[in-house]
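Chain IDs A, B, C, D and E follow the sequence of writing; residue 1 opens each chain.
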Amino acid sequence: MFGVASVAVLVTMALALTRALLGPTVYDRVLAVNMFGTKTVLIIALLGFLTGRPDFLDLALLYALINFIGTLAVLKFFEYGDLSRRLDQGEAGP
Amino acid sequence: MRVLGLYNYWIFIFLMMVGFYILISRRNLVKKILGLNIFQTSVFIFYISMGKITGGTAPILVEGAEAVVYSNPLPHVLILTAIVVGVSTTAVALALVVRIKEAYGTIEGDEISAMDNQIPF
Amino acid sequence: MGVLVDFALLAFLATTAIAVVRTTNLFAAVMLAGIYSLLTAGLFTVMDAVDVAFTEAAVGAGISTVLMLATLAFVGSRVKTPQLRITDISAKVPVRRPVFPLVVVLVTGAILIWGTGDMPAYGDPANPIHHHVAPRYLEESEHEIGVPNVVTSVLASYRGFDTFGETTVVFTAAVGVMILLSAMRRKDRFGEERWGEESVPDLFRGFAPTFWLGQDGRMRAPPSQPGEEDEGGTP
Amino acid sequence: MSDQIILRVATKIIVPTILLYALYVQFHGDYGPGGGFQAGVIFSAAFILYALVFGLRRTHRVLPTWVVRGCASAGVLLYGGVGLASMVMGGAFLDYGVLAHDPKHGQHYGILLVELGVMITVFGVMVTIFYFFAARGREDL
Amino acid sequence: MSTVADVLSWGFLLTGSFFVISGGIGVIRMPDLFTRLHCSGVTDTGGAGLVLVGLMFQGGLSLVTLKLLFILGFLWFSSPVSTYALARAALAGGEEPFWAEDLDLPPSARIPGFSPRPVPGEGEE
């Protein structure tokens, strides 16, 4: 049963990867990376159960916590052009 | 079955060669650094796959369990530190790229060499 | 089942690597590198290396993307002169096609693949690596160190020297970054404040070390060619 | 441009969680996956997230540069210090067995301190690198 | 009891797999970024949530289930936030949503009173 779910997640990973490769805009790529992160959380959780050592979910927990950082960095990069500014300050980049 | 046992190595070699190709054929310095990272990662995965034992489990001892096969912890230790060192050295390389951009105004390798080869006076 | 996941992840990894080669947008390449890191962490998990996967996860998701983006904020995200692909025959301009690198890579790869014939199969318990020191670590660690995580005990105790060296290397990397990036704006000899941005140190061009340290007497920039400010560049 | 409140609130909730999780990874590393390297990176990732949302200036106020630099060197010093301490107490360099009466306890102390040193160094190094990259070209920070 | 838990867990896993795959297909087939964001949201919250709940039934009352609960909580917390951030960045970056009129439908197929393309400069500050 875990196998079926793993296959589903792997297929979705393949689809997300396709979107990252096709992605007409850069935002599509970011979206694909974001989605890929969630799928990695799932596949790691499923792998824990598949291999019979489900106590290694810490890794999935870590991804659930910090996948967010990459997306935020991208947001700042696009909206402000640098990474050091406060988010609601100023309009344009340097 | 022989092919199954070697498939992993082939992929590692492929990845390593892709990284190598980026490194020697692309002129953009950031791209070269990415190629270097791919090269590095292929070595990491190669090491880890050497330590894997089929049917084994992660080398964290299970209390009171008999006859559990653990994977080899030694490659894990080597690669664990290598990943952190890898990102630090990548940061140094990126800092160099930033300085090169500031000094030359470009990060394309051929333009930099062209500027270097101009006769100054 | 693990084998299937392993195969699929490796195939994704190869696809991502090819995509990194082909893209001419550095930003897309950085995003693909993020995917690459996620896949690597998954692979480490499949190969029972949870600690390594943990490190890769933390580094890949937390640090490297941010560092790469911070660099891209300086250097711009487009590769200026996209290189022609081998298959791109129609181009009129004489552009260096990367044939020689391809040949080098193919030959090296072929030699390496030929060499794998002698490699032990993946996951074979009889591999030589499993018979040297690892059994001792796994058997004695519980009595000698008393820590269930063998990776920790090997990392911190059995191979403490190694880790000490690695920590020093990480520290040295920070020192290097500080030296490289802390050269703040300075007045050049004409009293103009400038960033290195447009100044090519033409007088001292031969003296690479002085330039690296930011100690050079920076001179006026050569008159900039029209169109050079254009970051994206039209090839 | 004042509608970034979602991100700010989310960051305020998630940054302490990441810090707490990093400490869990650090001190649970003997029993599960984790250890100094990972904990240091996660710890610094929390501050990077803070800097991304609240700006570098405010982060400098929370975590000044000199603290970070001090961390980067203090960790290596702690590591070396443990080695020297074990030499002083009659063992070899980094031979933790002599740190306590029971060699096993000594090993525990040694591993704990050494991992702490690694974590502090890695944290300091990663945040230093980020600070220098983010502040480059902005003299107002 | 364990049979019931197993059946429930299978049900959740299967439904979750369905959601995950359908979201993935949507990410490929949808016409523009914002609809794709919606599909990715389906996999991130619906699919991932169902799969994790299914795993929780397998874990039983243990630390594993607690960890899964945490994963679920953080996923449901951070994934919408990052989706929001991405959509914001895309709008600020000048990404145009795909309007129903772009489909070239016959007037009879349009939903009355729905989604006229906003006149530029009106309704936006």
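Heads up, the rule we're going with is that contacts are C-beta pairs under 8 Å (C-beta built on N, C-alpha and C of every residue); 3 or more make two chains touch, one makes a residue touch a chain.
Because the structure is a prediction, the values reported are computed rather than measured.
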| item | value |
| --- | --- |
| Shared interface partners, meaning chains that touch subunit A and subunit D | B, C, E |
| Length of the line joining the C-alpha centres of subunit B and subunit D, rounded to whole Å | 24 |
| Whole-Å separation of chain centres (CA-atom averages), subunit B against subunit E | 34 |
| Distance between chain centroids, defined by C-alpha means - subunit B, subunit C (Å) | 6 |
| Residue list for subunit A, restricted to those that touch at least two other chains | 2, 7, 14, 30, 32, 51, 55-56, 58-59, 61-62, 65-69, 72-74, 82-83 |
| Contacts with 2+ other chains: residues of subunit D | 7, 10, 14, 17, 25, 31-35, 37, 41-42, 45, 48, 52, 122, 125, 129, 132-134, 136-137 |
| Multi-partner residues of subunit E (each touching 2 or more other chains) | 74, 78, 81, 85 |
| All chain pairs that touch each other | A-B, A-C, A-D, A-E, B-C, B-D, C-D, D-E |
| Subunit B residues within the subunit D interface of the complex | 58, 60, 80-81, 83-84, 88, 91, 94-95, 98 |
| Contacting residues of subunit C [partner subunit B, same complex] | 3, 6-7, 10-11, 13-14, 17-18, 20-21, 26, 29-30, 33, 36, 40, 43-44, 47-52, 55-56, 59, 63-64, 67-68, 70-72, 74-75, 79-81, 83, 98, 101-102, 104-106, 108-109, 112-113, 116, 119-125, 127, 129-130, 133-134, 137-138, 141-142, 148-151, 154-155, 159, 162-163, 166, 169-170, 173-174, 176-177, 180-181, 183, 195-203, 205, 211-212, 214, 228 |
| Residue ranges of subunit C in contact with subunit A within the complex | 1-2, 4-5, 8, 12, 15-16, 19, 25, 27-28, 31-32, 34-35, 38-39, 41-42, 45-46, 48, 50, 53-54, 57-58, 61-62, 65-66, 69-70, 72-73 |
| Complex contacts: residues of subunit A adjacent to subunit B | 51-53, 56 |
| Complex contacts: residues of subunit B adjacent to subunit A | 57-58 |
